[in-house]
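Chain nomenclature is as follows: A, B and C, assigned in order of appearance, with residue numbering initiated at 1 for each chain independently.
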Amino acid sequence: MQNTFLVIIEILGTLAFAISGIRLASAKRFDWFGAYVVGLITAVGGGTLRDLLLGLTPFWMLNWSYLAVTGVALLLVIASGRYLIRMQNTFFIFDTIGLALFVVVGLEKTLAEGFPFWVAIIMGTVTGAAGGVMRDILINVEPLIFRRDIYAIACVVGGLVYWGGSLAGWQVNALQLLTAATVILIRVLAVKYHWGLPVLRGEEADGDDN
Amino acid sequence: MQNTFLVIIEILGTLAFAISGIRLASAKRFDWFGAYVVGLITAVGGGTLRDLLLGLTPFWMLNWSYLAVTGVALLLVIASGRYLIRMQNTFFIFDTIGLALFVVVGLEKTLAEGFPFWVAIIMGTVTGAAGGVMRDILINVEPLIFRRDIYAIACVVGGLVYWGGSLAGWQVNALQLLTAATVILIRVLAVKYHWGLPVLRGEEADGDDN
Amino acid sequence: MQNTFLVIIEILGTLAFAISGIRLASAKRFDWFGAYVVGLITAVGGGTLRDLLLGLTPFWMLNWSYLAVTGVALLLVIASGRYLIRMQNTFFIFDTIGLALFVVVGLEKTLAEGFPFWVAIIMGTVTGAAGGVMRDILINVEPLIFRRDIYAIACVVGGLVYWGGSLAGWQVNALQLLTAATVILIRVLAVKYHWGLPVLRGEEADGDDN
């Protein structure tokens, strides 16, 4: 029962991430194949980097469903066109739930490999946020995540909650729920109240560091 | 006999890929070292990503010939200068044969590791096409492959032919030949008749997805 | 005693690399988190790529000090602001010493895995120079290293010195010192006398290779 629920959440999260990649690719007038690849990398890129760093086979190579879900995302974008833009809020919800789940998966997979908590927190954040960075590199824009409202920080705080709860001896289910809820809550509040980190004040680009 | 033939094809394919990277680097006024690195990554980047995803040591770390061939490519570009540009068609042939061979290598290496066919098709495509994406990221342009005529799709179709022929019980040699011929044929026809996938229609970049 | 010295050098080198990344991020008006990530990737990105290519767990996942040093770098940049710009020369020294040490670490780690010297020289260069390339990709500029004065070449020559000294039967300590001194010397002379490699003469970007 609970597993079915998690699978549905994971599919919706993957779908939301893939659609975000495909929509940005469409703004750059990529063709269908390019849009599919950008969508796929947005959805699975973070988890792939995590698995490579952990020395594991990337998760999507063991289960074709991520490729299929990205295909569905492409069909949805092609079929619905501009209509999708107006569903902004719906996507925000999926995207945020997906982010929360990706963080939990990243935390647990890393701890299962025997790494300490501080590595797990990084890997939770990588799972949630690195796909978006890869997407931005592929479409040749500066990664949004480095200049925008709280996003990766929500992943880090979620990881800290997992750590704290684990030290306090909570059960796995409670840990998962509270971590996910933390990520979602911070993300929702950050967007609602335009929370952001301070910007690092700009020296001119003087071009002589290396 | 046949092995010698394959080696010659692989060298010519590597040479063609390296030259394509070096020529694009020269248009950006990179120095010799930068051009060499871009040429090398164009030639071996796809196979390197494939090997990392499969958990193998990257192929070029086991044999210095890929570095040497890239060095020859750099010398050729330096020595011949603008003359090379007029050899466009010759390079197209090498590049296409190289692409076909890279796809076959990617398919077989992945299957040898025990992965299913759908993973092998992705890895064949990664072997053939990811080096060009890395090249475009390094010279800071949007990856050509996402907006151009059929290129990666030729790799995917080649992989499907390999799969179908394998299910039909064909011999390895026939599989290899027909896969390579499929990639070459699709690529040649795509360029000749300007085949392309539909472009995903452009929403404005609204910048508020993540 | 000597180990303490090496640790101090490594910390200073990591600090200098991280500061170079954070300063370039600040010129692009990244927020604190973005600046931290760019600084971290500048400092550990080269070694991470090396470890992935060698099939090892990335070094910074085994020791949290690299994350902490990057945090110190961020605090230094935030606290000192424009004052840091005038310390250009101090950073150049740290950066160059860090580069030299990173090259030595890359050489020795690769040889310890049983790879031949030509692979070790590449890995020494990757350790020293790839982090800066990743930094430039993240902030979406063309990698400086491909168009600037001698930088990666200093790593390559250092590696050749290590190889030559090793063939000549020198002791490890002498090898390390002479390799590092070579990298530092070439780098200092290159900046002082504006040494650079020839630029590859520019065909127009004709956009029809792949």
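One rule holds for everything that comes next: a residue touches a chain if its C-beta (ideal position, glycine included) is under 8 Å from a C-beta of that chain, and two chains touch if they have at least 3 such contacts.
Everything quoted here is computed from the prediction, not taken from an experiment.
S.K.: Which number of steps is the smallest that gets you from subunit B over to subunit C via touching chains?
M.R.: Minimum step count, subunit B to subunit C: 1.
S.K.: Are the interface residues of subunit A and subunit C largely the same numbers on each copy, more than half shared, or largely different?
M.R.: different
S.K.: Give, as an integer number of Å, the spacing between the C-alpha centres of subunit C and subunit A.
M.R.: 29
S.K.: Listing for subunit A: what residues touch at least two other chains?
M.R.: In subunit A, residues 52, 55, 137, 140, 145, 148 touch at least two other chains, as defined above.
S.K.: Spell out the residues on subunit B that touch subunit A in their complex, using ranges where they run on.
M.R.: Listed in rising order, the residues of subunit B that touch subunit A are 52-53, 55, 115, 118-119, 122, 133, 137, 140-143, 145-148, 152-153, 196-210.
S.K.: Which subunit B residues qualify as touching subunit C in the complex?
M.R.: By the definition above, subunit B touches subunit C via 20, 22-35, 37-38, 48, 52, 55, 57-58, 61, 64, 67, 77-78, 81-82, 85, 88, 91, 95, 132, 137-140, 144-145, 148, 151.
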